[in-house]
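Working notes, structure below.
Chain nomenclature is as follows: A, B, C and D, assigned in order of appearance, with residue numbering initiated at 1 for each chain independently.
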Amino acid sequence: MISFLAILIDGLIYSSWLFIIAAGLTLIYGVMKILNIAHGSLYALGAYTAASLSGLWLSMGFAPIGSFVIMLLSAILVGIILGPIIERGLLRFMYGRDEIVLVLVTYALFLILEDVIKLIWGVNPYYLYQPYALLGSFEILGLTYPNYNFLLLGSAVFTGLSLTWFLQKTQQGKILIAVIHDSEIAAAQGINVEKFYLITFTLGATLAALGGVLTAPMISVQPGIGAETIVLAFAVVVVGGLGSLPGAALAALVIGLVRAGTVHIIPELDLFSVYLVMATVLIFRPKGLFSSQEERKI
Amino acid sequence: MTAVLRTKNLLKNFGAVKAADNLNITLESDTTVGLIGSNGAGKTTFLNMVTGYLTPDHGTIYFENENITGKSPRDITRRGVYRSFQIPQVFNTMTVKENLEISVSIGMNQPNYTKHIDETVNNESSIIKNSLQKFKLEEYQEKVASQLPEGTRKLLDISMALVMKPKLLLLDEPTSGVSAEEKFNIMDMVMNAVRSEKIAVLFVEHDMEIIKRYTDRTLAFFNGRVIADGLTNEVLNQENVIENILGSSI
Amino acid sequence: MKRLVNTFVLITMILIFCPKCLSEEPPLRIGFVSFLSGPASSDYGIPARNAAMAIVSSLNAGAAPNPHNMRGFSGRQIELVFIDEAGGTTKQVTEFNQLVLRHKVDFVIGYLSSANCLAIAPAAERLKVLTILMDCGSAQVFEENNYKYVFRTRSHATMDAIAGAKYLLKIFPEIENFSGINPNYAYGQESWRDWNAVMKVLAPKVESQSSHMTKLGTGHFNSEISSLLTKKSQLIHSSLWGGDLKAFLIQAKARGLFKSTRLLLVAGEPNLQKLSGFIPDGTIVGARGMSSGMLDNQSDLNMWLKSIFKKETGETASYPVYSVANAILGLKKAYEKARLSKLQKAVPMADVAGVQEGMKEAYSPPNTQQIIESFENLSYETPNGKVSMIQGNGHQAVHGTSYGVTRTLEGKVNIENILFFPAKEVQPPGNTKSLDWIRNRLPTRNP
Amino acid sequence: MDRTLAFISIGAVTLILSGYAMPQWAVFLTTVSLCYGTVVLGMILLVRTGLVSFGHGLYFCLGAYAAGTLKPFFGLSELVFMLIAAILVTTITSFALGFLLRKYRDIFFAMLSLAFSMILYGLLSKSTELGSTDGFNVTAETAFGIALSELEYGRYLIFVITVGTSWLCCTLLHLYLLSNKGKLAEAIRDNELRVEYLGASVNNIIHINYVISAVLAGLGGALMSISIGHIDPEMSYWTTSGEFVFITIMSGSSSVIAPFLGAAVFTSIRSFAYEYSPDTWQLLLGVTMLVIIVFLPEGLWSLFSKIKKKGSP
């Protein structure tokens, strides 16, 4: 009973984290058809920025609770500065190239950013553990969880809902869906597709950074944290169906719960449980959980 | 005359839309049949079912008295049913000549895959030359397919289907997207090639001038059903055809 | 005193017979390989690189204390060529080849990853270049092979498990059960396997409850912590290190895992001070050797190392710094011993025929062969005590280790109740395989 | 005589002859490049078929492990047997997986391949008998029955065998690409539907090409394990496959020589970056990648084909 509940809670927390990162990735893929490996670097940059800025805030003796605001600002800062730099400065010259080439471009970017991070922050770890314990904790059947996890869960739900609202209820969102559906037709109808690419990439980058920002208090921020994350996010996005937001949510949930389950029940399988899920889903749903099978028109 | 193609009670639904509703159609060898109908009448669906791209929900398709229902396009093609497409399906990065070479190499060398392609092409060079000539593609033969004008792409598409000596040829709107001046040219070339080979032809067409000029028999589809079938002149003058199909297209 | 005389003899003889030798001999080139990128760079690779630079520049200036006070290696200056250890064994073997064949380095020092050590060793044999593995823990390297050109100046990881278990049973004899959380790769798996083997021998009644193997770089330990919380084991054995260890501690502390459970960290020391704030008091930590962080070692050598490292980086010397010192000083000692013994042989030869050739040979720098001969079974002083190369046919270092428990005072992590385990208590004698030794109930060396 | 075939053969003979005089480090780099090149040779066959695998590390690793485990499991360390083992294991595995993968295209093919290679990585990392993540050392003690360790030119013989195997793979693949079936690869990339409607089986051809590319990757892995002397599960990690994809895109797929050129350039750049900027080699490699992608969209080989076109208008 305890372990069933624990699997559920642990799985949910892990899923929330996965979803925040995967949401940005799947959005970028949906609109721009770019599977962005540099998403991992943006995640790391978010974590570093939050650790530095919030660390500064705390060391100056301001109210600790304010560090949450700083954290949010860090994510936006990374997204707003780097999103446009990367999209305008590099990616826009690549549109129209093969999807695989675009993956390689972002891989190159990932390599570059890894070293850039090292040049800016060095290799010594940064910590931001204060916010993790700041919100107190709750106990359930003898298991203690910091309330910070609610923040993670809340952020994931908020991200999911607000993106859905944006896509379905706002004018801009509807246009974006048109672009997702067929960017050529959208362009032919006079939609400024490039503007939407910029908006999407910035939004996606902000979400990646947010993922890093929210993780920073739980880890030691140091080189290499982006590399592992990006493969996981890939798995979520692919399992969910590339470009599908609800798909990413479901996939994050499935992968999160499966991972929590394996850790509790058969810890030996932890190393590849994610990939087993990925292979299994792809075998039975070749294009992921949420994707419409399109007949080709001939 | 023997029946090349026979369908029995073909049914196909897409959700609530009936794309094929109890189709019983027989095609004889050595005839040219037109298939008309408004958009969504089920013409392409019929072609797709016959060639195996779609499986009917119900009913059977016989080709030369063999049940071919549910077989793959490849199996059906190998039996001698070839088709062209509304949107030309050619190999875009290859030249016209290479497109034909590939067609020949598949068609003529089923058992001999490991042979060097040049050898195959040399052996069958007369076929390729012939096709290029018949469809006036010689001047384009070194051009890459993606850079051809639409009419030429259509021709290439059809010529690829014809290279293989089909028994039944299905053409899906051979003149759509082609200028008015070009369309008779194209059809003349196609029909000349077909007639010399004694092939049964079924083509889907919106252009009644083409139908009148090139077909003996016409089938009219409406909402997935055959509403008229007979000599072209008679069908085109049938009241329900004028009302449901011709009226809307004028 | 004897050392001082030797050094004096060596310098005077070189100066008398070959006055230009010291200045004219080209510098020795050492390829230095450590993680400069990736997760292991921050706690291991970069401090190691910085330590190598600090130590070499101090040695080149002749500023090290006795017995390492000679400039460079017996007067010859040292140059370092740095390579990143990241990227997998294929790359490492390729780069190793480049270092030796193209950059013509005389020696190679480095390697933290056991996979790299295993892969590099045969390559070193093939290229006949003296290579010192400075840090990797796998016992496999010398227990299953017989290398001529490869040395390891750190003891292998089996010692950590043995000393840890002995320490645990001494301070916590009533222990009934334990669980483990270890990184899911060879080092973590071996660490857990050795630990279980040792516990089975030393305390067969203690129950091994559950084992978690976490992927490197996981970051999220909620599931593992929940599982450990439900198990309520008295002790958690862990060989996590670096970022993973810190993430685990942050998350476990916030969830009160350590209220009822004691922690034993096999590889806790490398970043002990960086763990201030979340490492629970009473955590049992191993030193993976005898780093000064644990032993209050006031020797000149230790003071020297601490001060030059502080000067270079502004930081306190940690585990990898001592690994580098072990490697470089060992090589220096072997080189100088080889040179000295050549010169000593040369003195009686002065009388006999072929004087010229004999002298020339005697004053020429020792070749790899001669250095290897003097390195084998060498005992030498390091900042953390004496190291003896007596295992693996004289190629594998043996030294003692210590364990202690932590107590954080005013933001500084202190270690109390330190117990030192001499080599013979925690290391198999001679060429016995470590797992066999454990299974045979750790017989001590026969005199 | 085909010009490409002549070039490949002259190249192989030149390598073998000059290998005797080349400095050892160059011989080593060449060996590594040839191993990578053989893997990428298989990748370009897939690219021609319109598929990119992000999991070819699977076969690279399987080939290496098949070769490496002959000694511990069967007591064999004959180089020829090692290569045969690699061919057998990769053929069987890819034939089985091919039934599944041949239905996938684009990014889904890439991702499912990735998942499989990561599962192998996980399995190997768990198997302590095979050294877990540390892997184990591999030595070919004999080649064609000749004891390699006793020969002074043992290493050179391995080099010659590597060149020979690459030459054979290259030649055979070139001939295959020119055959009726090989030509269909490009047809499939262009328009699968048309291929089916001409009467050829797209699935079969993809399956065959997949097996061929897997065997080439396996051979590359086996040869690599012999030259490097060590194998570990990292060979199946996604970054290894990523490198193959990079070399493939960098080389261009228009010639069977391109992969070897690409692999040589890649190994040299990486080696250069490692040595001259050990702290920022990733940055250097990333920038180089971008430069190549931007300025040579058709791959390195386009440099040569352009020159050729200029030379013979």
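One rule holds for everything that comes next: a residue touches a chain if its C-beta (ideal position, glycine included) is under 8 Å from a C-beta of that chain, and two chains touch if they have at least 3 such contacts.
Everything numeric in this text was worked out from a predicted model, so none of it was measured.
With contact taken as defined at the outset, chain A and chain B are each touched by D. With centres defined by CA atoms alone, the chain at the far end from chain C is B. Among the chains in view, D has its Cα centre nearest the centre of the complete protein Cα set. Once the centre of each chain is set as its mean CA position, chain A and chain C turn out to be 39 Å apart. The distance from the centre of chain C to the centre of chain D, each centre being the mean of the chain's C-alpha atoms, comes to 37 Å.
Distance between chain centres (mean CA atoms), chain A to chain D: 33 Å.
Chain B and chain D, compared by their mean Cα positions, are separated by 43 Å. Multi-chain contact residues of chain B (touching two or more other chains): 89. In chain D, the residues that touch at least two other chains are 125-126, 193, 279, 281-282.
Residue positions of chain A touching 2 or more other chains, listed in rising order: 114-115, 118, 268, 271, 298.
The residues of chain C lying in touch with chain A in their complex are 37-39, 41-43, 45-46, 184, 210-220, 222-224, 226-227, 229-230, 242-243, 246-247, 250-251, 254-256, 271, 274, 277-278. Looking at the complex, you find that chain A touches chain C at residues 2-3, 6-7, 9-11, 13-14, 17, 114-115, 118, 123-125, 127, 129, 132-133, 137, 142-146, 148-149, 215, 217-220, 222-225, 227-229, 259-260, 263-264, 267-268, 270-271. Within the complex formed with chain D, the chain A residues making contact are 35, 90, 93-94, 97, 99-101, 103-105, 107-112, 114-116, 118-119, 231, 234-235, 238, 242, 268, 271-272, 275-276, 278-279, 282-283, 286-288, 296, 298. Per the touch definition, chain D reaches chain B in the complex via residues 175-176, 178-184, 186-187, 189-191, 193-201.
Residue ranges of chain D in contact with chain A, taken from their complex: 52, 100, 103-104, 106-108, 110-112, 114-116, 118-119, 121-123, 125-126, 193, 238, 242, 245-246, 249, 279-283, 285-287, 289-290, 293-294, 297.
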